[in-house]
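The chains carry the letters A, B, C, D and E, assigned in the order they are written, with residues numbered from 1 in each.
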């Protein structure tokens, strides 16, 4: 009992840290992106103020129960994803609820948030929302294919579905990372990560120009605040997950910060350099070369 | 309408046209199908007054609001042209916590970019009502103050404050982006001082505003805006 | 009129009416959905709206709605003296006001029988090319941003701002220059202006290099823009398409060459064309024309006269009566043929001034045609690729 | 200058391709309302005026006519030709030319809305184009007074006073009745 | 799609290593360009409140509001800008005739209250009031024409020899071009003693509508043919265009209107008289004042009789102004029209000699007299009674009567007024060498500057700061005029400097004729003593109220005897208001 309580406290701390980290990371990346665009950019702490502001909104509009629950599901998805990923390998505080088979759970939670969002947005009544949702779900299904293939390759490589074990297997030097032991899986995974992080060229879901702005069109006030909080957590969770899967995890906070920062930077670099695909184009893209690479990775493992 | 013809398997052009006309009549107006007394629903629904917090809490909230101004990406008039430099590298409004949002639900600052034609005013009112409070309005350029150079035009209104409450006016035609920035700085200052209660003012004087709006807008149906 | 429409129910596209060429669809079938883009929509240039009927992601019908920016200029000008129209006309097209000023001035001069000094002609041409440059720079940013690449827009709008700085120095206004007045121009070039123009041009040239590399050789951009909104040469005349939209389809037409005005017959340039006819080809045309504008400005600064008057005295403008007559003046703006049709009845007030903006046909008839069968995500890109400015449609 | 312009204005309709006069390349011809569409069709199909530049109307209220102006352009000879047709203001109706150029329908829609000229058969001619919910007389007609309408409909900001220079000086400098007549 | 297409886009990241475009503090570091059309500035002292800015503003953004004291040439109004209307086109700056209006390069004005965006530039405290930079009208660009259409004149050679009218009048094109310069501000109306509607008749010229023009002119001036030539044109001194260069030739444009219409057509154009109301008014003196009163009274239906001492009507117009400035047929034209209305003229009727004043007084319902100043001042020096000393007025009258004056070959004119100039130039036309002596400086001369200019052009020598001392008989010539140099002594600030003889300086001019033209006095001896004593006020003028009624019942007075301006147009104005006064007095007035 006591152990569980301790674990819960640790998880709360871990959550707190990852939330703030996610927010700060978002703020920092906005500045990096601004730099490419030749400007200075918003303050690093701007996401905090935005969330505060949104929660301080006096009114909010509400379109029904599902609309209300949408952001909750989304947050639950984000939290769920994070809770089952060990953020720092070997750390008591940051290992969260990682256990064997958590990889599957995490993949499910990544989906879960999106679905919740889809339900909520669907009820808002705004025509842009279902358009965005259908795009989002279609695209998600597509990038899940290479990701799943990549995960299968890794799972079969290490014969485990526990993230902790996968990280453990990568310890002992750079060359033990999946990135080097199974580069094809890494490539497939990292490409699908681009889709997952919804930066360009796969940002059509929340594109302001093509359809403003997709699922969250009607989300406002504290709903939006919740979404933003979730985005920070979810971002952190994804980064940590991919770090764990392909880049050997982290043994302390410092390493985690550096690695996740670099992984995030990679998406930003791509994001700033490209326009966005249409949904059908991105689906075609994911089901093309990345999926083939994923299949190749799996096949290589099978051999 | 026959069920079997739903996707028009085999039909004559005239029939199709007739159907189309019927359908167009049915589909054109989003408030069609509502009861007669509900037709003005999107216009007449009275918002509720929300009191500000008290004391330091409101001050803190106002500080947060002033530091995170999301403007509605709705270029209502020529003013939109100077928003673009403001959004981009040279003036970089993001530094000041100002961002453009594509949807009224998420925005808190509405920039009335100059003159408003009657057709746009309808959307302005609707967008303004869609925005969540507290919301602020910036009148950009002379046209918003007293009609500007279109003072005698049959299609542009003269004073925007007759239709929605305005917090800050910026003189100029076109005002430079710096003037717009100056407007934002003034707005921030006013928000921090708790002077921007335009939303509650709109609710308090709702009947007056509505009467003014209805004087020039007779048909409140907006197929593009009603949700 | 009774014609049978043959329709394959397996197709996702609705039947096409043989007479109108438009799709016939049943909105109540649940298969289609109405989506409005605009007027409050960041993907729409300016303030207008598109009523789209979509089937899935595919647009099957598009209807342009304009009038959100209607100020009744043509009516207002009927009750203003000629000189009072001068501050009014530049507002007709907000992003590129100088063509209005030029054509209004030119039309008034022709009706009144006034010859302007040589130097004023050069200054006018210089202003027009600078305006083209500014307009194109904003457009490039818009085209990139419509497909989601904000970076390019951030750069080019800044570059446009540098051009606006030059305008501010020259005329005293950033957006509304009100520089070209009937009779000539309002001021001489400031000291050292040519030097600062050259500096700015060099900077823009460099950024254009970067833009070309990052945008035109961009896999995703190519994927999006190629094959989008194809204008075939056959519909160019049918739809009254002019300017870069026509040149993108390989049509060699440019009013600056065909009916040279101002000093264009003394400058060296060639008509830029592409053959693709799609958004990508049009982007290339405009990018090259941006460079062409830079080149033309450089040429002009080199050979334009440095002394002499720049303004021809007018009769007292407070009661300037212009002899009766009518004229049509046109010029090649960034979007195509821009024209002023002016009718004078011999009084102090113009009888009628009609403004022909290229966006009128491009954004309404052409857009409605091209948008059909386009993915809904491409509407913004398609619209920007036609380069339309709503204020000039409704005036 | 003026005479040249007048010559252009009264230029007779000729079967041959009108000769381009100098750089301006602009001419106007007057055609009867009943022959106009046929004439324009021939211009487009035979004489190479393939480009409809614009189509608009001028209100000559004192003569009770609308003067429709079809501006067509010949790319080969670089010639603009304004075909002008007078139609009566009362119950103004004109044949549509949307079958020649699709975008003519847009012009016709605008003319219907702004001048009240009807073009039977033109697609969407009855749909509102620029105005929304407009009930008064079409605004571009000359009898419509935009200033009056604006003053009555919108709310100019009150509190402005101006003085006429001469009247004010009179009031100040020679208010005496003796000097006033 | 090649590999380049995938790699090339990453080139955007080059930008990371360059300086951002962002301006850190745009408001502080980026002032408006030197020519920026920012907020308005106005130099209130230069501004004359003409309202041209209001006129050209298509936005109706400018109100004219009272700020300064109203005086001649300055309405006291100043533009007030409504920045809820302004479009910053700067046409107001371009057209401002006085050049007072400008624009600063300030552009930032933000306020929560929409009512504050109205201000009077230069008057209200604004941070940009002293701004040096900002939009000004550029050199070489001007919406208004500053210089007059030149008036065709006789050449000096011709004019010196003949009495043909020197000013030849505008042609239609010239008149239209000159009328086109007018900005119709109306500042001249207040300054004109008769308050003629100048902008309106100038507009009639622009519209080529002479009929309307004549009608407007006759509303306030029944002697336009004369006034169009010799008016002292106070209007032109305050003309807004004078601030830009040269004033509109208002006088000559008036003349142009009159010249276009034959006398025979007048009756078709102008108002007809009201039916006779049975009342009689006598007018003494047929100068401009008398004629004006007669005209307006006649229009109102009174039976009017003019008594005049001279052979022909016209007073000073005929007898005091030489023909080269005002041909007699033009005076005749004006008078004939008045006579054609039924005004009775009794010429050669000297009051007190031929007719008794009390007789007139008794037989009429009202009497208006404007007998003018007919008594020339003497020089008050020794020798002024010598033969060869003849007053300027007498000389001019003699010429009008057709006598060839006996002036010899050299003439000295003493004085600096218009009479002096006329006398000098008339003498010149009779072949004499003319010297003009004047006590003060040239700038102090009361004569019109163009008169002085033309006199000099015709060869008159002007000696200023010269005080005549005595006249003696000459040897070779008829007379010797001794004069001394004067210096100007100031009596303190605000006072006109006074010429003081420099002791010991004495010079002499040999001449045949000395013409004193240093002013005239009224001659009221025809009036009975008791009436005269009640009429004349402190400063020698007849005392009148605003309707030109004297303290004596039924008697009205006007013209030079009652008004210190002493010019034809004032006399006309006096006659007009007296007519109105008489109408009120006699109870016929209807508003």
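One rule holds in what follows: contacts are C-beta pairs under 8 Å (C-beta built on N, C-alpha and C of every residue); 3 or more make two chains touch, one makes a residue touch a chain.
Since the structure is predicted, the reported quantities are computational estimates derived from the model, not experimental observations.
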Listing by label each chain that touches chain A and chain D gives B, C, E
Chain C and chain D share contacts with B, E
Most distant chain from chain E by Cα centroid | A
Per-chain Cα centroid nearest the overall protein Cα centroid belongs to chain C
Where the centre means the average of the CA atoms, what chain is farthest from chain D?
-> A
Between B-D and C-E, the pair with more C-beta contacts | C-E
Please compute the C-alpha centroid of chain A, do the same for chain E, then give the distance between them in whole Å.
-> 88
Would you mind pulling out the distance in Å between where the CA atoms of chain B average out and where those of chain C do?
-> 27
So what's the Cα centroid distance for chain A and chain C, whole Å?
-> 43
Taking each chain's centre as the mean of its CA atoms, how far is chain A from chain B in angstrom?
-> 34
Of all residues in chain D, the ones touching two or more other chains | 130-132, 139, 144, 146-147, 157
Pull out every residue in chain A that's touching 2 or more other chains.
-> 34, 36-40, 127-128, 208, 212, 272-274
What residues in chain C touch two or more of the other chains?
-> 34, 36, 41-42, 67, 70, 72, 75-76, 79, 87-88, 151, 154-155, 158, 173, 176, 214, 218-221, 223
Looking at the whole structure, which two-chain pairs count as touching?
-> A-B, A-C, A-E, B-C, B-D, B-E, C-D, C-E, D-E
Which positions of chain D touch chain C when the two form their complex?
-> 1-2, 5-6, 9, 23, 25-26, 28, 50-54, 56, 58-59, 69, 71, 75, 78, 80, 82, 101-103, 105-106, 123, 128-132, 139-140, 142, 144, 146-147
Considering the complex alone, what residue numbers of chain A touch chain C?
-> 36-39, 127-128, 131, 134-135, 200-201, 203-204, 207-212, 272-281
Give every residue of chain B touching chain C within the complex, in rising order.
-> 1, 5-14, 16, 19-20, 23, 26-27, 72-78, 80-82, 84-85, 87-90, 100, 102, 104, 115, 117, 119-120, 123, 127, 149-150, 152-156, 173-174, 176, 223-225
Of all residues in chain A, those that touch chain B in their complex | 30, 34, 37-43, 46, 49-50, 52-53, 56-61, 124-128, 208, 212-213, 216-221, 224
The residues of chain C that touch chain E in their complex are 80-81, 83-88, 151-152, 155, 158, 165, 168-173, 176, 178, 184-188, 190, 210, 213-215, 217-223, 309-311, 313-319
